[in-house]
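After this come two complexes, each holding subunit A, first together with subunit B and then together with subunit C.
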Partner chain A sequence: MEEIANLFQGFAVALQPFNIAVMVLGIVLGVIIGVLPGLGGANGVAILLPLTFSMPPTSAIIMLSCIYWGALFGGAITSILFNIPGEPWSVATTFDGYPMAQQGKAAESLTAAFTSSFVGALFAVIMITLVAPLVAGFALRFGPAEKFAVYFLAFCSFVGLSKEPPFKTIAAMMIGFALAAVGLDSITGQLRLTFGSTELLNGFDFLIAVIGLFGLGEIFLTMEEGLRFQGGKAKIDLRVVLRTWMSLPQYWMTSLRSCIIGCWMGVTPAGATPASFMSYGIAKRVSKNGHNFGKGEIEGVIAPETAAHAAGTAALLPMLSLGVPGSPTAAVLLGGLLIWGLQPGPMLFVEQKEFVWGLIASMYLGNLVGLIIVLTCVPIFAAILRVPFSIIAPLILVLCAIGAYSVHNSTFDVVMMLVFGIIGYALKKCNYPLAPLVLAIVLGDKAEEAFRQSLLGSQGSLGIFFSNTLVSSIMILGLIALFWSVIQNGFTRLRTRAAAA
Partner chain B sequence: MTTQQSHNAGPSHKSVEAGVTTVIGLFGAIVVYGSVKAGINWGAEGPKAGFFPFYIGLFIIISSLINLWNTLREDDGNLFAEWGQLRQVFSVVIPTGIYVGVLPFIGLYVSSMIFIAWFMRWLGKYDWPIIAAISLGMPIVTYLIFERWFLVPLPKGPLEDLLGL
Partner chain C sequence: MKRLGSCLTLAAAASILCLGASLPASAAWEPTRPVELIVPAGTGGGADQMARTIQGIITKHSLMKQPLVVINKSGGAGGEGFLDVKSANNNPHKIIITLSNLFTTPLATGIPFNWKDLTPVAMLALDEFVLWVNADKPYKTVKDYIDAVKAAPAGTIKMGGTGSKQEDQIITVAVEKAIGSKFTYIPYKGGGEVAVQLVGQHVDSTVNNPIEAVAQWRGGKVRPLCVFDSKPMAYDEQVADGKGWKDIPTCKSQGLDIEYVMLRGIFMGPKATKDQIDYYVELFKKVRATPEWQDLMKSGAFNTTFMTGGEYASWVGTEEKRHETLMKEAGFLAQGN
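Entry: the complex of A and B
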């Protein structure tokens, strides 16, 4: 098994003292990011990305991916203790986690949440270890038409699977594509959509968009609510951890189901948030304790947390093997690869073995380190939330400005960040999803290049996307994903008609 | 979560959403216009630069029209936000705008100090000693982490020149 050997080499890389240090630092920063309102995984990673410019790429990706794991863990803390989801994917965790905390079972609930997160992530990492090299090997044979088909599939899944109205998803996505098109056209070398402005020559950087849309937009939203934190206290002692761990194996079925849901939703770019809701919903319907869900049932914590973490981790599979990120945070990591001079996609597995396997090994270690850190340091992280928002908000805004500036050392970017912040606030309030917008900015140039190269090969005929079995099956999958809600509606209507007859 | 039940007035969700959708549609129109200027047909080496964004712009216009129609058709009578809430939002947006505007001239450190101090005094009503501690502490920590340890330069102004940093 070549993969196993590679993985062990990866462990050797990840276990270097410097890499262990950045791992711990990343997890701690990540949990803080996950706990604080207005600082999510995606923009947290975006703000801290400039810090890694001077690091070797492997250490840099280990730190950034650990920030991501930390944010995934951190979201659960605020959901359970304060009924405030620190991250959108933790919303489902509040349903049962907060009632448990109110009944004085906060420690059990937190232990269950962290352990489930770890299990979900572990399952997804094992899947990545086994599947990613195969997918990458397969994708090496892709021509431009197949590449475009994969992008097509990714974006169609957004339209079909997101909760927002489909035309709003399409509008948000297309705004992203349009922003990506601004500036120098990579094929003809011609300027477009700059309208004579020199600042727009290089187009819009998606990191600025991420920091503005997710960071500032979120702060503006929070200001509306005028959040006042009512701090609760939490302490986890070893006895509670062990007792909870003893009780967890009986929920193996829920765990396994949530892992699979999470992996599936993570690989398709639907992401962690719908995965956690779906897993919670199914667990509620299937479990024999289903009637007790919402009143503090431990299974109601296990299901969404496992799925969210599995999805968050699985989102890195298409990012690594195909160069198509499965979530906004994965998109930011992909942007990091480009900045460090690495070309994401199947060639990574051939050319940058040490990097890829170091990253995969660090996923195993990072989640283990994360579990230990969150279990032992919950009181400290919970205390952060007791710092009033009027202190945290200006600090986060300043951090966002620093992050936006240091991407290109440009103060114009800081202004753009504020513009994106206002846009993000308006779009979020009007129910437009932001994730497809960001992914479209990241992938816009690549998707366009693949599209135009395919058309060049076929003299402008769209038939190239259905010219062989491989490309047409990916395109048809995409079309099914695009019309998924329509198809589902049709099925339910047929079934009700059959039932009525 | 409403803090002031007595001021239940504000812009309706419908009108704001219609406005946002119209702006998106106009953005689509700008994209189409810019693409036409760049050339949307085939040139010597294949599709011209405006070819792809032209269709993107069309998609934006079409989906905005559908969204606009959906928005105008159904009126749930919800508010976009209460005036009091919007005032709170703007009490952050406007100072952030000023902060971002003066940042290139007086540098990041000085503007951050003023911004944090203002925010804590105005919205948090803190005492000056705490304000001084945080608004001075944060830029100093930032300086150490970014410029000293990670060698990332941040914008400086006249004060830093004076101090010779």
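Entry: the complex of A and C
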């Protein structure tokens, strides 16, 4: 039990007063960063990185990782209250979180989101503590083919979710793929679909699209429906937290499944975004309340939030042990480690014990501190919805514009955001689902890249996707998820036939 | 009238005083608002790390009165960042740190940009390239490796690298030409990812920068064969297997006659004045003297050549010609170039 002894030493490091102060500061900054759409965890950490150079490396990484936890918590707030996901992995949270807020259950929804985040993170940290050396090697087995298989699974477990006609789902997804293709093609190094415009060099950033499609689109709809927010009527106090907690244990199955999905996606490292979508998709299939998903079902908040936080936390494991960042924020943290003279990689756990275990201990404490801070603020956050819409809407618009601008410091992005807002409004009016579109923008280019890298390696043979047990089993899982309803129908028919015979 | 006159005299005296006080400042230009350091690459990469280290050093040692802000503009293989600085006419508060995409991006994508649109300030360092193979593979020397590549059917040996039609692929094509065989080049997003793909044996060799692969070398997962520079790297401290960077032979000495180093240098927008350039040159001289900078150089086994002025500009000019030739031979030029 050397790990446990190391961990307690780590707690001793993390519990030094200076480190605790740094932890609280980091969480608060992180929540603010997470709330502001567009700023995002990666940007926030990058901006604040130089602040930490004068600190000892352990305190510095504690502060930065706490900013990261804070941003993970904060991302859920705007998703639930305003349907504006601050981070890619919060998109799936809006599907049920926002309807809940509209029904006056914002506080319940926020409590469920924060608590699930904490559970997910805790599960992942325990995994890191106990089985780090075992799991770390797993990421090495992930070449391009395996990565593509994971994205394929994410898409498949999501397709067919919406109640809209399949044609509309596919149309929305294809628009997403087309938008994801704009910009530099990373395999050939050529520009695609930019039509000579230098503004389009960067392609369509996911955040701009989402702020427009979800945030602005929603505001346009609300304006049309008479400038009213439904959420203002609910009574909000801290007791709501306790009441929600009482109801959470019955969803333990969903939580556990989401934790496992999250850890797996974080370690592989495919990241928190596919984890949250996949977890939501599977929960919808499996849950007995599945038909109610998308209409404000609390399980639909628990599943993506648990998985996203578990993945976000687990992503630090491949970063520390292999030097592969599992998320953009982890990539910036990685840069920080190098600047402090810490070389992530197989030797880090051996040579820098105090640092590694101090960090792991701070993950336990940081998430706990974060949970307490955000939970006590739930009534305040939820009270925002009581502000009349005519006051809050312009504020949200300004916030969205600032967010869109800060992604690349470009005014063109603000215009793009407005255009996406109008598209979002139009699509909603025509009952096209937005989720597949967003999923395709987020994961489309990554999936394409992995697919083409695999084919380059296999000299064009599709057999590479079934060339070993790991990749074949993920692909087969994906195919089962894709044809689940067909398979289910088949079973029912077989059973009725058997009964008839 | 008299009172007005005395007022005027007073004002004149005051303005002369002011002028006198501001004279030394106007002689040496200094930033008057925050300086933007543009990184034409994503967060977490080599250029980004260097930029953020510079930012940290400047803040920690108070080398500048105004803050330095790092901004990533990575769109279109860095084209976004270059175009941004190109359009920053007469704006001395914007500088850019470059890598080889200074040459490769305009050549491969055809965006309207050339390094001559910018003003060269200083070369900070040169980044080395090392030929790496998986430590479990039998090749111990460049010769073993070349023999194995030649023996395998063309295209079955996989070379992993960062980006497409950029430095890693240029070196790959040069190696192909030198040994008369073909690789399959697989582009990845970042150098760290490339190193891990090599450890997982998803590719057979890489030309990672030292800093990208050093962790895996120290963990005994990868093996360096040779460095693509004219002389071995200068750092003799032990890194792994009782070897230091200095013990890695040059590729040329091993029969692979290829030299390639990557620029890590600073440019500013067009129409920069001499005062402004001098200010930044002095600033970066101070940065280079700090222990933090030297630590970074050591951990990444950088070649610490420093150049400014005409010497730097002519070095960049020669490199541009070389890249044009290399990329033309490889067929990487954008149509219409």
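What we mean here is this: the second predicted complex is superposed on the first by the 273 of 501 C-alpha atoms of A that agree within 3 Å, B and C clash if a C-alpha of one lies under 4 Å from a C-alpha of the other, contacts with A are read in each partner's own complex, and residues count from 1 in each chain.
By our rule, contacts are C-beta pairs under 8 Å (C-beta built on N, C-alpha and C of every residue); 3 or more make two chains touch, one makes a residue touch a chain.
Not measured: the values here are computed from a predicted model.
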Worksheet item: Touching A:Pro346, do we find subunit B (first), subunit C (second), both, or neither?
Response: second
Worksheet item: Looking at the overlay, does A:Phe152 come into contact with subunit B only (first), subunit C only (second), both, or neither?
Response: neither
Discussion item. Just to be sure I read the superposition right, which of the two partners does A:Ile175 touch: subunit B = first, subunit C = second, or both, or neither?
Written reply: first
Item to complete: Once the structures are superposed on A, label A:Ala139 by its partner contacts, choosing first (subunit B), second (subunit C), both or neither.
Response: second
Discussion item. With both complexes superposed on chain A, which partner does A:Gln190 reach: first (subunit B), second (subunit C), both or neither?
Written reply: both
Worksheet item: Just subunit B (first), just subunit C (second), both, or neither: which does A:Ser406 touch?
Response: first
Item to complete: Examine A:Leu456 and indicate which partner it touches, taking first as subunit B and second as subunit C; both and neither are also allowed.
Response: both
Worksheet item: Now for A:Val415: first (subunit B), second (subunit C), both, or neither, which partner does it touch?
Response: first
Practice prompt. Figure out whether A:Ser54 sits in contact with subunit B (first) or subunit C (second), or with both, or with neither.
Written response: both
Worksheet entry | Overlapping contact positions on subunit A, where the subunit C interface meets the subunit B interface | 50-51, 53-54, 185, 187-188, 190-191, 409, 456
Response to the item:
In the complex, subunit A touches subunit B at residues 50-51, 53-54, 165, 167-168, 170-171, 174-175, 177-178, 181, 185, 187-188, 190-193, 195, 216, 219-220, 223-226, 388, 390-391, 393-395, 397-398, 401-402, 405-406, 409, 411, 414-415, 417-418, 421-422, 425-427, 429-431, 448, 451-452, 455-456, 460
Discussion item. With touch defined as at the start, can you tell me which subunit A residues reach subunit C in the complex?
Written reply: 42-43, 46, 49-51, 53-54, 139-144, 183-191, 194, 198, 201-203, 322-325, 328, 331-332, 334-336, 338-339, 341, 343-348, 408-409, 449, 453, 456-457, 459
Worksheet item: How about subunit C: which of its residues touch subunit A in the complex?
Response: 42-44, 48-49, 52-53, 55-57, 59-60, 70-77, 79-80, 83, 108-111, 155-156, 158, 163-166, 169, 184-190, 192-193, 195-197, 199-200, 202-203, 211, 214-216, 218-221, 292, 295-296, 299, 332, 334
Worksheet item: If you look only at subunit B, which of its residues touch subunit A in the complex?
Response: 1, 3, 16-17, 20-21, 24, 27-28, 31, 34-35, 37-39, 42-43, 45-53, 56-57, 59-60, 63-64, 66-67, 70, 80-81, 85-86, 88-89, 91-93, 96-97, 99-101, 103-104, 108, 112, 115-116, 119-120, 123-124, 126, 134, 138, 142, 145-146, 150-155
